[in-house]
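Next come two complexes, and both contain chain A; in the first it sits with chain B, in the second with chain C.
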Partner chain A sequence: MSLNVSTSSGLQRLTVQLAPLLIVCALVFALPVLLNNDFLLNKVARYLVLGILTVSLGLSWGFGGILNLGQAMSFGLGSYAMAMALKLKTVPVHTGADGLPDFMVWNNVTSLPWFWEPFRSLTFAVAAGMVVPALVAAALGWFMFRGRVTGVYVSIITLATMVVLNLVIIDQQSYTGGFNGITDLAQLEIFGVAFDAYGRATYYLVSGCVMLSLLVAFAFTRSRAGLIVQAIRDHESRVRYFGYDVALYQIFVFALSAAIAGLAGMLYTVVMEFASPTFLGVQLSLSVVVWCAVGGRQSLVGAFLGAVLVAGVQGALSESAAFLETWTLVMGALFVLVVLFLPKGFAGLAQAVWRWIVQRRHVAGQEVTPGVSQTEGST
Partner chain B sequence: MTSHLDLRDVSVSFNGFKALNALNMSVRKGELRCLIGPNGAGKTTALDIICGKIKPSAGTVIFSGTPLQDLEEHEIARAGVGRKFQVPSVFRELTVSENLEVARARRTGVFDNLRWDLRNSGREHVERLAELVGLTEQLDRPASYLSHGQTQWLEIGMLVAQDAELILMDEPTAGMTAQETRKTAELFARLKGKHTLVVVEHDMGFVKAIGDIISVMHMGQMLAEGTAAEVEAHSDVRRAYLGSGGISNA
Partner chain C sequence: MDQFIEQIITGLSIGSILLLVAMGLSIIYGSMGIINLAHGEFVMLGAYAAWMFHTYLGLGLLASLVPIFLVVAAFGWVIERYVLSLLNNRPLDTILATWGVGIMLQQAVRLMVGSELRYVQLPPALSDSMDVFGQSVSSYRVFLFVVAMALFAATWLLMNRTTVGMKLRAIIQDRSVAASFGINAKRVYALTFAYGAGLAGLAGALVSPLKSVSPDMGTGYVVDAFMVVVLGGVQSLAGTVASAFVLGELSGAIAFLQNDTVAKAIVLLAIVVLIRFRPEGLFTARVRA
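Let's turn to the complex of A and B:
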């Protein structure tokens, strides 16, 4: 959200709003220069992927007012789509005919199930990793938003749907790898470039996707449709009486958010080298909510940084024995504090500080040069 | 002259309570109609029926020859009906200009609105609207910063931005100072003629200042219709307001 004095042109405003986003992307791209450690870069790439996932939640929660507690469902669907494609590219030692995945052989499956067939194509898998979550979200959204389900009920329905899918995946071991997930994957290879989880190529692939998702989300929130979605968040029925079909806007932002989460899920498989039912688990899904709230759900960059930093600190701390168990407490306390004192997260705090600085400068500048245009804002 | 809005035998009941009981009302094009009546007479319910918030259990609502009673709210809005709510309803976290921008619903489809407006082409129009409702200074502030009266005006401004043929106003001056009420009356006089207005109001001074014809509702039915003087002289109306010393004190 931005505050602008009418003298500032649209382009000027855009620059100010885009600046934090581009700075963060530049830092992400520059990190390998400073951090010459492939093991750590892989870890950072993991946090960046979680950042994308959190941006996707920010889009539906912070901008659309739809608190999706099952955001990890889309993430998991994307993750499995990628894992299925990469599994079919492996040359396992003990497989059945036609490179049947090893866990299917163990479960006495003799031929590849029909829904695995299309995943022989990587292009199909990459498309499915985003389209399937988007379609599932659109279908779920159609029922919820057409039926005018709002607030906590949306959260319960999305959470429950995710849990059901999670249980189905665990239950259908012969087709999904069950509790173990899908492991022993081939390396992703696009146009001859191999994406080793610990290689620079993967890091830059993730960084590129970070930038892409932030820009797509930014472009949407800046559009007129994005404005209408925020209006729906503030007062749903008011929007309806201006002639907008509210449900369609909600379905759109819900599906867009799911597609971005699906992209993050695919990258997660590449970075982690497996897919697991925990990727669409309750714990991850709720963690995303916390990261989003801490970073600032109404700020794309805030949500992204919230995930990267909190998950990063969590990763570092949970390696020491002292914090392994207490981390959950630390995170819970952080969440409570933010909800109580920073309803817009740290991004809201940063915006307030920035506004204060600009205003002071403006007041000081006015004494010397009256009429200096004042521009405030942040993405 | 043919009527612009026609309610015929409209009934609706909530848990057995007949909020509207065969209500009839017709409003001419460009007219400013005031709707008054004691509490619980069904004034707000009548507006809810017209804009689709509540579906009638019987009867028809015809607007410009189109039956509205089976349409969804957004379809009714697209047909040219705008509604201001009793509780001021604005987008609190959006700025005043963004509020007005959303209300200017030229295109309503999702994909039609996936576009940027870098040149800020609607800005001039928004500035004119803000001037009309006296919010020029507040254009770039979030709507949550506005006073109660200013919030009322913002919503009125949003209805002007929507440019609906028929504007329904539910107690537009509630919570306004005398001066603000006077300015609102001036604004309504300017809207009259270009738009058809139906205004629910309690403030009789305001009603007398703006209204051509006043409709008095009582127990879900139309009790009387006429000019302020005619209505005040009407014996049924006096009886409906019995004990409150005439409608001027209602």
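Let's turn to the complex of A and C:
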């Protein structure tokens, strides 16, 4: 990870690490040219959003060593923020006086609750969709990491917190839509561009966010803070003895990861046209962990592709129940095998193969400089 | 007063089911450090075994308890031997691996027996009710309480009064020293895991007449069982018992005052706070670190 070997080799390594990321982004942007089917594009956009969510988990788990089993909580918060704003913009057919959402009318709520009020502004909602998850994560992180809670206990606390929020949302039906979630939403409209779930605009919005979050995550892992976070993952007490405030760095990566997950949640509402308590359910949250592990938890591109491909195949097979059930069985087996034999996922495998090829070339060309082995790139 | 006693008894009943499910988990987690997310699936396997023994062999629930224990324990042994023993020193990864195993077990059952609900009959001898402190209580629930306490006693004896238990306690203290004294740690671990799995299977069989049997029935149990183990403290069997009944009474009481959802949320929150301030559990004395 030494950046100051020489400028040219540093730059070269940066290019090598960025290349897969940029190639994947280019493919994502180019897809509508090849795939002229709005229905399928909507599905792909959905998997891309899940990819962003998985990248956010990779950031805290793969790089920070924080196995957050409640990653879907941030996702759900983002999703509800967007849904609340879009609900208040619906054409008032079923709505009550002053645009009161329909489910509130059914539940005999007479005026808009105070925490819904600011969501009349879309700008506020978009900001809240990322800031609220980040703040919640920072508070939870402060609570956990200041008390030096580590390992398994972090997983239990994050999972339990998510379940509590899920229960509260389902229970408070008159304010949250309860079990049904928030449905029947208006279209998102920014600067006069309407984002129809089945339109190209939405697809490109999602693609842009894919690229943005991959780049932000990549920049973070290359930054000083990012390196310290990785050092904490590998040897927490050693970093502490160096005088770093370990908890602060952990809280930061935890909150950053939550903000990206919140962004993914907002996009998910736009693509799916509703928000539901299942978006912060245990099922989704654990699926994200699987995607991340299979793709490669220490590789941003790997985690992204893991989610898109696995969720994509699952979606394609879901037409037939028998296929889907067999697939789930295969998926469980694949997951166990990856955990046992490929702790770095398929991205780790790809990196190993790549290194092997490069080394073979060097040996063949007789230009091996002894002692200089390629350090592994963590793109 | 009557209502109070009724509440206490409801709590005891919830508690004994919690204890049945959590005991196997507690042993596996406490002695091997493995977070076994497939535990719920062992419970499910036990319930299905009860259903199958009844449907295909005509065995009653009580008669099939021993075979059920052995069958599920065999599953546990295989999983420890071929999956978990490869994950030494990677405790976080055992969460993932056992979860994957859980998915496979669940799917395999769904593919083989179908996902419709199955029902197991109450043993005829226990289907009436009896009088406890002036309250009429179903005999089966009293039976569950007795069995839970008996299994706890058996497990305690096994851990503290047998050679295998002594070996296990030696390994927990220091695996390499124990191994250098000729203890086969791998074998003891496999047996421990099998025993924990067997207990889960028994729990599943025993609760099956009270609830319907389905492939995903285990998921709910594993979360509750975890809370019991965390509250009771790792490596403390008595703590598990105490916390099972505390949680049972607590959820019974809150559910009576508020509703089930609120009860669950409050219990979960209490446990989150507890982990932060007392990660060693409520019922463990602080011994040396």
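In the analysis below, the second predicted complex is superposed on the first by the 356 of 379 C-alpha atoms of A that agree within 3 Å, B and C clash if a C-alpha of one lies under 4 Å from a C-alpha of the other, contacts with A are read in each partner's own complex, and residues count from 1 in each chain.
As a convention for this text, a residue touches a chain if its C-beta (ideal position, glycine included) is under 8 Å from a C-beta of that chain, and two chains touch if they have at least 3 such contacts.
Note that the structure is a prediction, hence the values are computed from the model and not measured.
Chemist: Identify whether chain B and chain C fit side by side or clash on chain A in the overlaid structures.
Modeler: On the superposed model, which is not a single observed complex, chain B and chain C fit side by side.
Chemist: Is A:Thr123 touching the first partner chain B, the second partner chain C, both, or neither of them?
Modeler: Neither chain B nor chain C is touched by A:Thr123.
Chemist: Thinking of the overlay built on chain A, is A:Tyr241 touched by chain B (first), by chain C (second), by both, or by neither?
Modeler: First partner only.
Chemist: Between chain B and chain C, whom does A:Leu11 touch in the aligned arrangement: first, second, both, or neither?
Modeler: The first partner, chain B, only.
Chemist: Contacts for A:Tyr153 in the overlay, against chain B (first) and chain C (second): which applies, first, second, both or neither?
Modeler: Only chain C; A:Tyr153 stays clear of chain B.
Chemist: Figure out whether A:Ser223 sits in contact with chain B (first) or chain C (second), or with both, or with neither.
Modeler: first
Chemist: Does the superposition put A:Asn180 against chain B (first), chain C (second), both, or neither?
Modeler: Touch partners of A:Asn180: none, neither chain B nor chain C.
Chemist: Using only CA atoms and the superposition described at the top, report the least gap between chain B and chain C in Å.
Modeler: Superposed model gives a least chain B-chain C C-alpha distance of 6 Å.
Chemist: Help me check something: in the complex, which residues belonging to chain A touch chain C?
Modeler: Contacts found on chain A: 67, 143-144, 147, 149, 151-153, 155-157, 160-161, 163-164, 167-168, 170-171, 282, 286, 289-290, 293, 325-326, 328-329, 331-333, 335-336, 339-340, 343.
Chemist: Spell out the part of chain A that touches chain B in their complex, as residue ranges.
Modeler: Contacts found on chain A: 1, 3-6, 9-11, 14, 219-220, 222-225, 227-228, 230-231, 233-235, 237-246, 248-249, 252, 298.
Chemist: Hey, which residues of chain B end up touching chain A in the complex?
Modeler: My answer: residues 51, 53, 73-75, 77-78, 82-83, 85, 89-95, 98-99, 101-103, 105, 107-111, 113-120, 123, 127, 139-142, 158, 162.
Chemist: Spell out the part of chain C that touches chain A in their complex, as residue ranges.
Modeler: Per the touch definition, chain C meets chain A at residues 35, 83, 86-87, 90-93, 95-97, 99-104, 107-108, 110-111, 219, 223, 226-227, 230, 259, 261-262, 264-265, 268-269, 271-272, 275-277, 279.
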